[in-house]
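Handing you a structure now.
The letters A, B, C, D and E name the chains in turn, as written, and every chain counts its residues from 1.
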Amino acid sequence: MNFTARVARGIKSLLVGLGVTGRHLVRPVVTLQYPHQRPDASHWGGPIELVTFPETGTHDCIACNACARICPSDCFAIEGKRPEGAKKMRATKFLIDFSTCSLCGLCVDVCPTDTLQYSRRYEDVAYRRSLTVNDLLAPFPEDPYFTGKLA
Amino acid sequence: MSALHALLAGPLGGFGATLLVGVVGIMGYLTFNVLFLIWLERKVAGHIQRRLGPMEVGPHGVLQTVADMLKLLGKQLLTPVATDRFVYLLAPLLVFLPTMCVASLIPLGRAQAFADMPYGLIIIVTLSGLTVLAIFMAGWASNNKYAVLGGMRSVAQVVAYEIPVLLAVLSVVLVAGTTNLHQLVTNPWPRLLGVPVPYGVVEPLAAVIFFIGITAETNRAPFDIPEAESELVGGFHTEYSGMRFAMFFFAEYTNMLVLGALGATLFLGGFRGPFQGAVPLLGPVYLLLKTYLVVFVMMWARWTFPRLRFDQLMSFAWKLLIPLALANLVATAVVLGVLA
Amino acid sequence: MDALGASVSAPTEHPFSGAAEARWVAPGRLVEASRVLREAGYFFESMTCVDRIAAHGVFELIYTFNRWEAASRVAFRVWAPATEPVPSISGVFGAANWNEREAWEFYGLAFSGHPNLTWLLLPEGTEFHPLLKSFTAPPASSYDDSLTAPPPPDDAHPPAHH
Amino acid sequence: MGVVTPADRELDALAAEAAPFARLAMVEDVLNLARANSLWPLTFGLACCAIEMMAAGASRYDLDRFGAGVFRPSPRQADLMILAGTISRKMAPVIRTLWDQMPAPKWAISMGGCTISGGPFKYPGEYAISEGAEKFMPIDVHVPGCPPRPEALIAGLLKLEEKIKRGRRFGRAG
Amino acid sequence: MRTHPPTTDPLDTYTLNMGPQHPSTHGVLRLLLTLRGEEIVTAEPVIGYSHRAHEKMAENRTYAQFLPNTSRQDYLSGMIYNFAWVEAVEKMAGIPVPERALVARVILAEFNRIASHLLWIGAFLLDLGAPTPFLYCWDDREAILFLLESVTGSRLTYASGRFGGLARDLDADFPRRAREVIAKLRARWPEYDRLIEDNVIFRNRAIGVGVLTRDQCRSYGVTGPTLRGSGVPYDVRKAEPYGAYPRFEFDIPTRPEGDVFARYWVRVQEMRQSVRIIEQALDQLPGGPFLEPGSIGVKKRLKLPVGTQYYAVESARGHYGILLVSEGGAEPYRAKFRTPSYPNLAVLTEAMPGTLVADAVAILGSTDLVMPEVDR
């Protein structure tokens, strides 16, 4: 008789399986409708960006290339110039090729002036490959050190 | 319907008008229903999996299937070089025709089925066996090892599951006494404790076997081994693209709808329901509701169960379903003999 | 483990840590030593080929075996001169088959008695051995131009280029 | 929608190159609208980004909301190839064959740094990977990141839909 | 399974390419099957389609610059791989690790293991044709990913290990959120058992299929849940305890049959053990620093003493060993990664002949392969 017992157990398991999916059918959905609802990306480590220090209102990159040297994927292209009469250099060009960056965070750790940080952005998409290179100085239109406001 | 029929009877003659109205009616009924069915399947699948399914295309994604069909219309029709061209091109057409004919034999209302045939049921069962021919043609002609495997699997599967379906239908015919579908619904139903009940209640085992059989016949999970995505890439329609693939896609859902309607007519009492006599239009509504109940259970099963292995599927049909269906047939005959 | 007999002269300046016992084994005695371990119930853990051509003119092969019960790792260190092939132990341990194929394609070290010594990870017909210290960059293979040929122009729509 | 998109003249510049000479305006716009809302991706994951692509298809982000949840295993029925993961030199000819097997109009999204320019595995003298899918096939939208979040893939999909709806470019028939 | 002598008569058999692009090969694996009808005569995996040359890259980068590569070898146990590399270097250089970092590493690694097993259950059931468990498992996995993202900033490929501790500290609220995730997982497991484990179709597809004998496992060096499904209780966390594992008790689930169902059952039980470990670790989470001061290897140069070292950890797929050869420079002279999926795939050449194509998919799925880990 164990054949019919086995068949009965099989049918019961099928019905129990249907029960589980049936219950899920009536339960609320877990979907986050992305373009209309935004995720909580407060801890997300996005592309690297320069920190805006409140006291100077600008970044503090002295173009020392420490980040460029430690970067495993060699994503950095940095140029700096010394404003006349100042000791420290200032970065004039700061590009990161975000398509080769692996977000390892070594540059954030190694920066002597702690002016690099993870951003919260996660929606960078581009039609052209050249647009995946981020210009970190874009959000800083003019550098107060060069225009004499700060020394 | 009859006004339109009279209008057309002039130029085309009686038979031509009936044919034209019939074909246009069936195509319209099927197309609208299938578009709705595909959308319903994606929504049901979504909500079973705690997600939303199509949302962005029209309110709640209602126009999603229209977008899919339009896109498939606009696709390039690739014909691989080494295929057996004639058979390759014929397969998508052939897969669609039998289900169309079967659809016309289902009685929609008390007034007049399109083809009120005395042996409707027998014609239906024979025609529903034809789709597997087209599937095997598609598999064989597209010169792709996966497709040939898929084609051969579908032949073995449909042959194995055609017999239990046939036996289940026979036991209902025994109880009803007629093979004319229209009379089958309108005849007085068997009485259980004095209350007229549809045949499904009298023949529960036949109903379950019929339901399992049509799930296998429409190649739907857990019997979807001919187009098993995780094993045979695309199964028999691996090499079809664009509108030809849409024909297979369309045929699968039409097949499901029509066999669901057949199941509803046989076991759930077709278009009969309360107040059906007074308002003739309620007939098709009842039939649709019952069909969608059957179809919903098929969808529910698809999104719950894993796929059976090929040899397990065969042994399940030959060793379990067919003996069960035979026993049920014999039991029905004995019971009827005793009662009569 | 003394059943393995005396091993070859053991250079001392390369300490091995992380194994219960590390022994130097001559290439000739490798198959016999691995059979001893197979009977003792060891499983094949890993095999590494280290390029010491510049310093000593040899490839150092490090085989490690381990046991399920009392986990005690045994390491075989073989100094194989680059010129003659090393006897394959794929007959004793099935896992050695792929490891030896990998050592051959990355270092060019041949294994005698190997059933199917061809490329495993690199594309068929790769002429260079990439993990050698002497390897710095692949030759400009035909791989690049055959694939980057612009897609065939279709007559209906002029190909959009970026 | 707040998606970081380049200035519109960028899209117009693209349009100038790509517009075919004869345009049946009305039919095309309807067809393009349908194509944009029913992009069936090819089941095709290479490495780590494939996991984020599957996560985009799962319940939390649900690609099916945009009609793109129907992952077709056979290239004949797919019209979008999402390249997710590192492209090794042994795999590049296979990807090229798959791309040719797909019927037009077809589009490609390169997801993750490896498919854009070789990502973290690109270094002078590398022998194993192909530095970016653009070397051997046309790419429509680049989604940088390592791996990009599922939302980034959906943003890329939306940008591709935007591009298709504007009829800027027919899929390559090649 | 009925086995008759495999003839390689060309007329009788044909070759089928479960090619690099196939729905059920996890990643890019090409399986060259020689079939007679639907029965497999020989199965020969062709690999290398995601070979990225990790070992060559290890030789031209400093120890810190290799960190991003580690979690991309096996991106489903990225945390475990990341910590393995960091611990191997710490052990060889003798860098001390604060208590809090040791216990935190165990917690994050075990969460990573549960997420990997959840993903596997979903993908495995998808191979057998049931799409719904895939979505449920991934929904739970998202909860874990959000928790790990809140600590490390990334969802899949973590670079949160530093020589001497962690890149970031666990915030004060982490234990509460972790217990929430565990409660959610515990509520979901009985549902999985009813939906999957008791399902008759699943049992028919899994029981008695693809049996791996202990001798085959020994010859090929199979490890991890695949080995424990064949009745061998070998787990590196117990065999060669590392990090803070000796402080927690947990047991090693095994099953003697060695078939696909046994491997499924072992992974499900292993998740429960991992939850047990996490709870004990959360109770004993000490305060104090999370990183040795001096940012070793990143700001301060790090050179390892001359010598060779083999260091092993237990990843979600099995025994992951790193063999480091150092000549005293700032970069490793040679780094070999012994990945668990490599022998687990090689053993299939012996497990698949005699089964059907549908079984091949089930066996391949049951060994939980990650192809970039095989190809390195």
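Odds and ends about this structure:
Rule of thumb we're sticking to: contacts are C-beta pairs under 8 Å (C-beta built on N, C-alpha and C of every residue); 3 or more make two chains touch, one makes a residue touch a chain.
Computed from a prediction, not measured in an experiment: that's the story for all the values here.
Steps from chain A to chain E, minimised over paths through touching chains, total 1. Any chain touching chain D that also touches chain E appears here: A, B, C.
Compared on C-beta pairs in contact, A-D and A-B come out with A-D as the pair having more. Chain centres here are Cα means. That of chain C falls 23 Å from that of chain E. Centroids built from CA atoms put chain D at 37 Å from chain B.
Centroids of chain C and chain D (each the mean of its C-alpha atoms) stand 38 Å apart.
Of all residues in chain C, those that touch two or more other chains are 122-123, 130, 162. Within chain A, the positions touching two or more other chains are listed as 14, 17, 20-21, 24, 29-31, 33, 44, 72-73, 102-103, 128-129.
Shown for chain E are the residues in touch with two or more other chains, namely 22-23, 48, 51, 53, 56, 68-69, 72, 132, 135-136, 139, 157, 195, 199, 201, 375. The part of chain B that touches chain E in the complex is made up of residues 45, 48-51, 145-146, 149, 221-222, 224-225, 228-233, 303-312. Residues of chain B touching chain D in their complex: 42, 46, 49-57, 61, 63-64, 66-68, 70-71, 73-78, 229, 233-234, 237-242, 245. Chain E makes touch with chain D in their complex at residues 19-23, 27-28, 48-53, 56-57, 60, 68-69, 72, 75-76, 119, 134-136, 138-139, 142, 145, 155-157, 371-372, 375. Taken in their complex, chain A has these residues touching chain D: 29-35, 39, 41, 44, 47, 72-74, 97-103, 121-129, 131-132. Taken together, the chain C residues at the contact with chain D in this complex read 122-123, 128, 130, 135-138, 143-144, 146-148, 151-154, 156-162.
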